[in-house]
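In the two assemblies presented below, chain A is common to both, partnered first by chain B and then by chain C.
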Partner chain A sequence: MPNNSSHLPFVGAFDAARPGLPGAGLSWLKDFRETGIERFNALGLPSSKIEAWKYTRLKPLEDTDFQPVTDDDGMAALDTVPSLLPNPGGRPRLVFVNGRMRPNFWIEGDLPDGVHLDCLRDVLTRNPDWAEAHLGAIAGDEAMPLMQLNKAMMDTGFVLRVDDGVEIEQPIEVVFIGGLTDRPVAYFPRNLIKLGKNAKATVVKHHFGQGVGAYFANAVTEIDIGEGATFNHYTVQAESRDATHLSTTHVRVAKDATYESFNLAVGGRLSRNEVSVRLEGEGGHCGLNGAYLMRGREHCDNTTVIEHLAPHTSSREVFKGVLNDESRGVFQGRIVVHKNAQKTDGHQLCKTLLLNTGAEIDAKPELEIYADDVKCSHGATTGQMDETALFYLRSRGVPEALARNLLVQSFLGEALEEIKQDDIRQALTDKVVHWLPAACFLSEEWRDA
Partner chain B sequence: MTTPKVISREATSSELDADYKWGFTIDIGSDLAPKGLSEDIVRLISAKKEEPEWMLEWRLKAYRHWEKLKFQAPKWANVKYPPIDYQDIYYYAAPKSNAPKSLDEVDPEVLEAFEKLGIPLQERERLAGVAIDAVLDSVSVATTYQGMLEKHGVIFCSMSDAVKNHPDLVKKYLGSVVPYSDNFYATLNSAVFSDGSFAYIPKGVRCPIELMTYFRINQADSGQFERTLIVCEEGAYVSYLEGCTAPARKTHQLHAAVVELVALDDSEIKYSTLQNWFPGDKDGNGGVYNFVTKRGKAAKNAKISWTQVETGSAITWKYPSCILQGDNSVGEFYSIAITNNCQQADTGTKMIHLGKNTSSKIISKGISAGRADQTYRGLVRMSAKADGARNFTQCDSLLIGDQCGAHTVPYIESKNKGAIVEHEATTSTISEDQMFYLRQRGIPPEDAIALVVNGFCREVLQQLPMEFAVEAQKLVGISLEGSVG
Partner chain C sequence: MLEIKNLHVSVEGKEILKGLDLSVGPGEIHAIMGPNGSGKSTLSHVIAGRDGYEITGGRIIFQGEDLTGLEPEIRAAKGIFLAFQYPVEIPGVPNTTFLKEALNAIRRYRGEDELDAMQFVKMMREKTKELGISDDMLKRAVNVGFSGGEKKRNEILQMAVLNPVLAVLDETDSGLDIDALKVVAEGVNKLRSPDRTTLMITHYQRLLDYIVPDKVHVLAHGKIQRTGGKELALELEEKGYAEFGEAAA
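After this line comes the complex of A and B, so read on.
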């Protein structure tokens, strides 16, 4: 049994919270949660002594007493939910407020037969056997404390299942809204995504904060991509200034399957996007890309591991960061090529733009290679804005503020270009423009030209 | 011009291990302190060397600190080995005869040992133009050309002589770059170091010849803990070479050295290493554990350049680093690391940019063959004050065979928007096309590999002093022998 006198956050609240958590009546889930809290209790919070946490300290968890959300928190008043993508009508969309699903914002959209989209709570009630077989099947790392904490406390999340051969063109939008409470709350989404053979789907996750309250989100997403299937995964993290957003994603890519993802981070006091992709079948591919724009004292951490376990697999990774004020960016990217994964093709690029001395980037691009017939490379740069490019623009009459914005945009362009769908790329680019400081544009036509 | 046969193919081959050409032992009779480490041993080492009180105090401080660290040998490196029993090592081993006054008095067997290695200690090798300090086990046995160097005001002698004859310099600079509390192995070294080389180049002097130290471990079960200190005064220049070998033994030998470089304003130190400690046999038996701390501190406009060719040792743990403290200072790191059979290496560099407009360049070439595992681990840190600082890093790995591993772990930390850091790394294998092309022209596979590898390493080989470069190229070929089946 967990030691309730533990100083670790949430351990004390576990017993009290348990009856309210989804699937409370399921005995296998009870064991699942208990092993989670025991492991978490044994591991403790990650400290800087752990190599993977060398540059990120979970300070908010030390100085804020977060409490699990209640149903009341989930009913916080909310008028409308803005959509990230244009023309929200007709698109399937799920909305979670403070970790509770809000059916009134649900848009059914046109989900074709063979696509099942539910919230975790419903799946645990209606289809517990499926949940038992799939929960923790992909994300089972015993050594990751935050994953163990999620295992114990998971209280929300969505489940997407796409049957063999079913393709859904429309992106599915999932919105997580936080911050609408006056006390610091915590919620623990667990998302499960499973694509059958030759299936295809796109999910756009949008995390954003409203109000000013501090909150803590610790999400785990498990993605299983079947043979020949394609999954596009886009995330926009625009949490509020006081939010702590930790996200762990584990992906399994089967033979000839593709995983494409882009993570845009523009908010959060502390955010960490941890992704682990296992390319398990021949011909598997993954594109793991992202951009982050930080200001103030924000801290953003991208930690990724791509494991090539089969021959003829390929991966491509581009991360771009823009850091202003006293913000801090961390990039830890590891490519592992296992013994029999011959003919692997792996490329990784991480570039950072520092807009202010005082901002800090810590980058650690790693290659770990055990097969000889491979092509792997990585590159990393940090530096400031190109002064000659700035001069060029200004000499042509572009105001300085605008010129700077343009250069930041063009810097991020290399990463954003990795997004294949036009409307999603445009939506993310708009987010970037929105982040930039206001600058007077010469004219709309000029801007679009 | 005669080439000093530093690492020569012609050197006597060993009966113990025919693949390692420097594996012979010599029976010269050693003066051994009992095995194990204690405060008494530290006192004994100090007494044997007739050291002044302050030196003993420094050693004891280090020893007491080490006691606290006792079971905290760094574990983060990507190397695997059974725990070392620090009480089962000889911490002091010296050739038995009394300290020689001149070369003529050196024990003929010791001279013969170095002769076998091709180290030109004798005057007849005067034209070789390299001043050599030869260190056998823990004791410096001979230093050549001292007279000539003295005329230029250059001091080049063993560390023990320096402690006796130049205490002020040693006191001032010893531990100023690598403090005794720096890390586990450096602390151990500070407590028990028995010899090493000391070089001091006075203001404005360009050292007329290259300085060289030759290290050899002879005694079984002994550790070698040498300590090298090089001080370059304002505007001075020195090029320093270091070579190492050890007999082929069935047990592992520990080598924990410390090298400190002090480059004052406008000076330049070029430090080249050819590390060829016994790598162990094909199955990983025996071999030297090479745990070395090397660091230089560069003042205003100074330059420190590390060049290393690492082909030996069962395990290498080594990160020659530069602290670029003064404005406009420059740090360079050129490295070739070759691991074959069961060798493991975790090596790289640290470039700490503190001053304005400091620049650094890292070129690392790693070659992994057989069942070897190799890691490049490097740190580039731009402090908030390092305006206009610049770094370029390139680390390439070459894999030969499907049983080996090559890893790249660079750490990049930048706190200054005006600092530019560029890092690139690639990993690849020798392509079938390259091999086919060479073999088609009648070049045997082993030579073809040596050719490709030499081309792969060229950028670094070019940085070596000429005499060293020839030997290094040969060594690259020899180290990879047997890596193609």
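After this line comes the complex of A and C, so read on.
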């Protein structure tokens, strides 16, 4: 494979930027970063020859002169924080601007004892041993270039630890704001989440772009869910329209543990949400759901792998895409049932609504089953707006724009319903409503329904 | 009120209506009967303004205005209502939301004040009570999981809420039990007034026992073949459409 990675400006600038990266004094971290950059340079940017990257090209990374972020970029003026959840006053919240934590926007909230929420930088300073033991423990795939790149460059992110038996009712919101810089920048969040036995927590991540202009966010999130624990993970990707957002999430689900997630993508010129879930213990469950709404020439890729490694594990995956104009969607969903994972229950559904003849979807659901006593299903459909339903609404007086919006919401409903927490489902539904072109009035009723 | 003159309509290149004439005066209720595939639903869709029907000749005049080219929502605002032969399921959109959006859109168009949540709920309570419709059906998504009869009742509820000037009921009686049929009939009879018009498409004489039409038309081969009074329906019930030849399709 040709090695042209070091031509990428942000890789070229790596050495210069290194003293400013978090944990610069830690020798193990120096090695960690070193192996990352070596691996990345050896691998290069993912090429279409790699199966998992068949439909997504990372052209903006080759063409744009992305620079590492500086402290100044992190201090970009910000009037309000784009919180997803209503009444953020009491809720714990962390805010990052261009990869720098903004203490003045931090709300500690009333987290119970046994919950530790920090930014990565602080953990590297105060608890480097813990960081050394956990960084890369869940996400260590040497064959994944973007993960290696993040390994070398990680400069931001948060760490959430929840001790055994501790349950947090309040959702924790983490806001990543990008943009507002005078040149294209790149930043690399690394998030670590570890739930002890029977712990419970909910995190809502909000990637939000401000202003215009390109930037590049390359995030890696490692999630370790202990026995009997439940982790709810909601992400909204609302980057600006010239942004590149590449996110890799690796999850380990222990015995009787649950991972519930929903990824809503409504922004970004180029985005990829890559998730790998390993159901390692008996009775483990994962709900891996999402929706994406793209327009213009946006490209959104959802690539997921769910591995059933133990008996009696279950997974449920619902992804819905709405593609307008000349946008592109990619859905690659692989479910692997390993030999001893008997009694696996796996369901996958991927539906796409094409609003325009110029829009395209590449959907590739895959089942790989090595056990003989399993219940698995998958389905992928692509369709256009139902003209009869549209006529039905309009014949009752509903204006065309609103009728179309209602039908898009109707289409997405099946995915959004997977979100069990009402306030979060509502927040994400609002995002969807805002995505849809205006020119319509929606009464309160819709929101309360 | 409704004046259809020499209407020619094609769907996907196939001519379905071939010079249809129909005139319904204010306060009148007309029934249209005819073999399967003769174009009854096509006519109802064309009146309501559905895309995809090519009007190759003739005109539809409603209250003195040519409807050609008007969007379906504008026709609704002008008082045209079509109860669908096959009401559409819309998952995820609650029935009340749908109705409120529809009603308020029409009110906005007419320059009337929108109903707020309270006023709307109050009005809905009255209508549902009148029509014997459960609150549960209002909360549920539009027609999703409704039985055939419930879907038809829901059409009548929508009609009652939107209060149309011209109601076109496309086989609203099909699939209804006798109680529901009475409810529908009451709904239609209630709307009966000198400034309203109803066009009922039906296969069954039974409906006409409850709603007595001023005229009965037979649609076949793309045209109104015969027009008569209530007794025509009885005659059709007995003899079928043999007199008019094979189905028009």
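As a convention for this text, the second predicted complex is superposed on the first by the 432 of 449 C-alpha atoms of A that agree within 3 Å, B and C clash if a C-alpha of one lies under 4 Å from a C-alpha of the other, contacts with A are read in each partner's own complex, and residues count from 1 in each chain.
Going forward, a residue touches a chain if its C-beta (ideal position, glycine included) is under 8 Å from a C-beta of that chain, and two chains touch if they have at least 3 such contacts.
Nothing here was measured: the structure is a model prediction, and the numbers come from that model.
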item: Which of chain B and chain C A:389 touches, first, second, both or neither; value: second
item: Partner chain(s) touched by A:367 [first = chain B, second = chain C, both, neither]; value: first
item: Contacts of A:397 with chain B and chain C, given as first, second, both or neither; value: second
item: Chain B versus chain C as contact partner of A:182, first or second or both or neither; value: neither
item: Contacts of A:380 with chain B and chain C, given as first, second, both or neither; value: first
item: First, second, both or neither for A:122, with chain B first and chain C second; value: neither
item: Chain B versus chain C as contact partner of A:355, first or second or both or neither; value: first
item: Complex contact set, residues of chain B against chain A; value: 76, 382, 384, 387, 397, 399-402, 404-429
item: Residues of chain C defined as touching chain A within the complex; value: 45, 48-52, 71-73, 75-77, 81-82, 84, 87-88, 90-94, 96-106, 109, 117, 120, 139, 141, 158, 162
item: Footprint of chain C on chain A - complex, ascending; value: 386-389, 391-400, 402-403, 406-407, 409-414, 417, 441-446, 449
item: List of chain A residues in touch with chain B within their complex; value: 51, 339, 342, 352, 354-384
